[in-house]
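Step one of this worksheet: look at the structure below.
First chain written, first letter: the chains are A, B, C, D and E, and each begins at residue 1.
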Amino acid sequence: MSAAAPKEKPSTNPILWVARPMATAARQFAKSLIRPSTIVYPFERLEDPKFREEVAVAAGKPLGVGAVWDNYRGVHALNIATCISCNLCAFSCPDVCIQMVAVPDAQTKRLKKCPEIDYGKCSYCGFCSDACPEGCLTMTTRYELSATKRADMIYSPEKLYEVFQRKLPMNPIRLERPKNEDAILLDAPLCIGCNACARDCPTQCITMLDIPKPTPKPGEKLPRRIWKEPVVNDSDCVRCGTCISVCPKECLFWGTHT
Amino acid sequence: MSASTPPSPTAAPAAGATASEIELPVIQAPAVPFVEIEALRSREFIPAAKEALTSMIQEQGQAKLIRPVFNWAGRNSLFPLHWGLACCAIEFAAAFGARWDAERFGVVPRSSPRQCDLLIVNGTVTWKVAHKLITLYEQMPEPKWVIAMGNCATGGGPFRTAYSVVPGVDKLVPVDVYIAGCPPRPEAMLDGILRLEDLIRTRKE
Amino acid sequence: MEPGEWERTLRASLGEAVVAVEPFAGTRGRVRFRAGRALDVFRTVHGAGFTHLSMVGAIDWVDHREVFYVVWSDAAKEYAILSTDVPADQPRVASATSVWPSANWHEREAWEMVDIQFEGHPDLRHLLMPDGYAFHPLLRSFKLHEPEELEVKVRHV
Amino acid sequence: MTVTLYSVAQSIAQAILGAIASVLPPAGRGVASAPVVTGLAVLLFAAILLVASMLNTIVLIWFERKLLGRFMDRRGAMHVGFAGILQNFADGLKLARKDTVRPREADTLGFWTGPTAYLVTSLILFGILPVSSGWNSGVLPLSLLLALAIFSFAPLFIFVSAWSSNNKYSLMGGMRSAAQMIAYEVPLLLSVVAVVLVSGSFDLTTIVEQQQNYWYGGPLLLALIVFVAAMLAEMERIPFDLPEAEAELVEGWNTEYGGMLFAFFMLSDYVRALVGSYLVVLLFLGGWTMPTWVPSTLTSFPLAGIVWFMIKTYIVFGVFVWVRAALPRVRTDQLLRVGWNRMIPLALLSVVLAAGVVYAKCLPVFGCVPGLGG
Amino acid sequence: MSEMWINMGPQHPMTHGLWNLRVKIDGELIVDADPEMGYLHRGIEKISEDRHYNEVVTLMDRCCYVAGMSWEHLYILASEQALSIAPPERAEYIRTMADEFQRLGSHLMWYAAFVQDLGLMSPFLYGMRDRDLILDLFQSFTGARMTYEYMRVGGVRNDLPPGFTDRARKVMDWLVDRFREYDALCLGSDIFRKRCDGLGVLSQAQCVELGVTGPMLRSAGSSRDLRKDRPYSAYDRLEFDVARADAGDVTARYLVRMEEMRQSVRIVRQILDWLDTHPGPVMAERVPRWLGAPYAPIGREDYLLKRRYPKGVGFSAIEEPHGEAQAYVVNEGGEHPYRVKFRSPVFANLSAAKHYLVGYHVADIPPIMGSVDICVGECDR
């Protein structure tokens, strides 16, 4: 089962001491004299069309990486128009580099929260774009991000939208999300029907349904509340947890439908 | 000029272009033939010399005369310190590898800080190594520059909450250029070096 | 070898030093032993063919601390895990360096990170943190936080 | 008719002084007198030689960088000037502008004089070695000996600068350098003895002219190999670059040097590399002469000697670069062992072979070979 | 010259990372050695306690920056055991393939650094160039060159892109040719043999005693390889040999690593053939949301308090390019792992430095330390 590694003895012929390496180097020299594997960077780039096809491997040039270059995780692109302000990118960021800041929406002229990314902290893991339910935060192939000031590395939503408008190749990998049993459940006795969850739900999938007001038994005091209860439409829910975080009574929780 | 474009003569888009007009210069641009590239870079010397001559005529100042030439020399021969800290050091090495070949720009790593003028902090700086980094920086003779390569050097990166990590090397030494990326691609590193060259081009001291 | 069978074998030579041998997926079992008789356990396990010590780690369970050793037997091609509980106020256990010299750095790290005193260790000093570092970061009581804003150095022009 | 450097310098001096004299009043016409012309010619001679040699050295560095780049499957310096030819000027200018830091514990005198003397002694060699007939500082009967003597100054200055910079790596590098150069001085000289035996002269011009049709590299192949190997050690290039072995001694004996002093070291290293290649060409490869079977149109244009000499030099240097690209560095003790145990016997053997060649040229069979006379 | 201590590092061309080798020398002879670690200690084990299970993967890539994929695999195996989740078969194969790519990449990086230590200039560039091809492959299916973030608890992030296997086969063919060149440049050169033979010798008994694993152990005559002895993922379904040499010196380590690269190519070719014919899912059917990506995890840990999750302890050991790495993950039912402990092979290999350095020359330090293949990131963690 074990392959003993070859054990060559050093050649006794003094000419051969240096001949083989020198011949190898000369062969490389002859090869690279015609075509060295260097990419003249600011003028040629790996994502150039000429590297998209399969470039001959003989010169050590990249091997058709261009064809799959689009997978590269570089700077984000944000489509502000479709962003639903669900916070999922900020939640999923392991480096806490995403902050939700308010920007005016182009159509409604109202402020809405969109991610602002600090590229001095981002580790380009792609968790945010994986988590984005609407596909509005994607990663592009742009990678050059040098700045002379630290503040230049913080990309506001507008700047990310600028990147989006450049129509760079987007990362095409859309994850097929495995099923998961999590859903928003309601701890009904705690609910006061305040409508906060329905108001803040980014996908508008929570509707407040009327519940019958119970007739109080003699001596029993009814809780002061609005007689409505949230109902979550599971197929529309992106499971961002905004409702949970805004709930004043902490009556919504993650759970499994049984 | 937007943050991504390298300060090279060809690839810069119009400065005043609005967001929607900016096209990625690279993908559409046809590959520049080899000879033209070389000619292009070599033409840089002539503007530098011309600038020197004009300023000599205008101001008759010796410092004004030689500064553009020395700036030209300084930016075309940056010797970074051969020092690998962490992950970015591997990309740093890859940039000196065959594919990207940073030596094209005259960037040759030297092992002794005395012979360097560029400290590329390529990785996480811990408090244990902080004073050694400062020593190395101080051992480098003026004029010298510092590039914070990667997120760890920029701001501690994913490790900035850790108990042992300096949250950014700019707390220790003055940083001229930050390169984002985790780790930055070798191209991004070269882009940072080109940006530094752009800084040196207009240096007045 | 089944964990139960091994427990009987170990008990035969070590008696009460072995608390139990729990099944542990992917290994021969997890031997839980009393810290007071650690050296006897190490020698017995070493004698049973586990000549290679891979890892020494420690876990802070707030009320007590656990030290675990991962050993490998070349003959059986199997791992085994030894684990012992030490009280949090007096975390002492005998050093394994006399049995497995490779324990040296691992124990230094465990002392540094989780504050376990290894008695008889030849060179128990800081390994990863600078000398004089007063904390033991991997204790649960040590919390991480975002770094405070420090002054940014600028070049004197 | 041959154009010598001195004649060029003289005519330039004459032209300059003549022009000056023509505008001066008659009382000042004396500036164009013979002694003044000679004096200016000598100065011009030195200046032209120095500048041309330095330029040559800088081009040599560029040549190495480009060649090494191709050996390594990359392009090498290419963006500064056409194909990077201005790269080394940029490096030199930058180093000239940089501060030179003297460590506090370093010895001032040694720290400054070491590199300077190293550079100066290396540059003197250009005056001695002829690049074409007449293109040196006159006829020195013992020019070969003088060149080798000056060539072997280097370990002294390297050691001085290494020791005075007060750094452990520098010190170790300096000691290695001294040991290595002394060990390889002997085989170097012995292999030169073989050439001297055959040519019967210490004058480089004579040695070259005798090789018109018969390069000594042929019959004295062993001496050539020993000479090249010893020269690699003297030039401190891979595989014998132990004094500045980057992996173990950070930058060797120039660890503490930066700025202009480092540029001095760098430049002198390449000056010595150029001189080493010169010597190989002069002693073994026929110098500026070309065999008679080469068409005369290729050898009779003006300055043809220099052109051919440089072509040969750069080919020899290319071989040095090739070796550098392909071989690892040896270890100090191995290097010294090879030096004392292998190279010296081989060099002695080459002397014996040279004696054989000298004897053979008396035989009628070889008597007809031109170029072996003397 | 009397005995003196030399500090080689933290900035020294030999170290290939951030550590300090203090050697005591007598002339050029080493009489004592004491590696000083911790310059790159980033507290990865501590930070992991504050992260969701899948988010720890981002740290794993940076933990060992030349073998990130292997460390992801290591951590994911332990977490899956702790969380009782099993990946689908195709994911196992992809992981194995990624592991072997990483072994190739890491060994090529080692080759580049090692020959550079010896003063061989051009093979450094050749090694980096060929490693870039491996990284291109990585980039094409993970989206990054070095920090992949590819593996997830319960599978891998995405399937391979179309046309990947053909490209990979081409790279493998190219590499096999290059290995011959590497051998010609190194073994073919007498100077290399003179430099490396008989250096840094560790016997098998010493290796076992000092905890040295990986190619260093196998170069001393042992055939211990966790891929054979304790197969994980798909290794039990693949054919390969364990590279082994007997001398225990620098040359033997070189031979072992070169042979391992050839075996890796062999393994990869088998896996590529398998992947071509066995499409399928790459992620487990159901994974809990609180693991993190691809979902956003839940923001605050309090929300979990209303639910209970299974507890468990996971232990995994894999044959990483540098040696035998282990992970120990304690799951206490929270969103975050309670404790993550890693065993780094470099840590153990380096702790034995005194035993393979003393008695050799200063000039031998670069080849010996180069043959150990040090990655400080995983050593200090």
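One rule holds for everything that comes next: a residue touches a chain if its C-beta (ideal position, glycine included) is under 8 Å from a C-beta of that chain, and two chains touch if they have at least 3 such contacts.
Remember, predicted model here, so these are calculated numbers, not experimental data.
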{"item": "Labels of chains that are neighbours to chain A and to chain D", "value": "B, E"}
{"item": "Partner chains shared by chain D and chain E (touch criterion as defined above)", "value": "A, B"}
{"item": "Farthest chain (mean CA position) relative to chain D", "value": "C"}
{"item": "Chains most often in contact, by C-beta pairs", "value": "A-E"}
{"item": "Whole-Å gap between the CA centroids of chain B and chain E", "value": "31"}
{"item": "Intercentroid distance (Cα basis), chain C paired with chain B, Å", "value": "46"}
{"item": "Centroid distance [mean C-alpha coordinates] between chain B and chain A, Å", "value": "29"}
{"item": "Rounded Å distance, chain C centre to chain D centre (Cα mean)", "value": "64"}
{"item": "Sequence positions of chain E contacting 2 or more other chains", "value": "12-13, 38, 41, 43, 46-47, 50, 58, 62, 122, 124-126, 129, 132, 147, 185-186, 189, 191-192, 194"}
{"item": "Touching two or more other chains - residue numbers and ranges from chain B", "value": "37, 97-99, 101, 104, 111, 128, 156, 158, 160-165, 168, 170, 176, 182, 185"}
{"item": "Sequence positions of chain A contacting 2 or more other chains", "value": "18, 21, 24-25, 28, 36-38, 40, 60, 62, 94-95, 123-124, 150"}
{"item": "All chain pairs that touch each other", "value": "A-B, A-D, A-E, B-C, B-D, B-E, C-E, D-E"}
{"item": "Complex contacts: residues of chain D adjacent to chain B", "value": "65, 69, 72-87, 89-94, 97-101, 246, 250-251, 254-259, 262"}
{"item": "Chain A residues within the chain B interface of the complex", "value": "36-50, 60-62, 75, 94-95, 118-124, 142-150, 152-153, 161-162, 165-166, 168"}
{"item": "Interface residues, chain D side, partner chain A - complex", "value": "69-75, 78, 322-323, 325-327"}
{"item": "Complex contacts: residues of chain C adjacent to chain E", "value": "24-27, 51-55, 57, 59-60, 68, 70, 74, 77-79, 81, 100-102, 104-106, 113, 126-130, 137-138, 142, 144"}
{"item": "Complex contacts: residues of chain D adjacent to chain E", "value": "68, 71-74, 168, 172, 238-239, 241-242, 245-250, 324-334"}
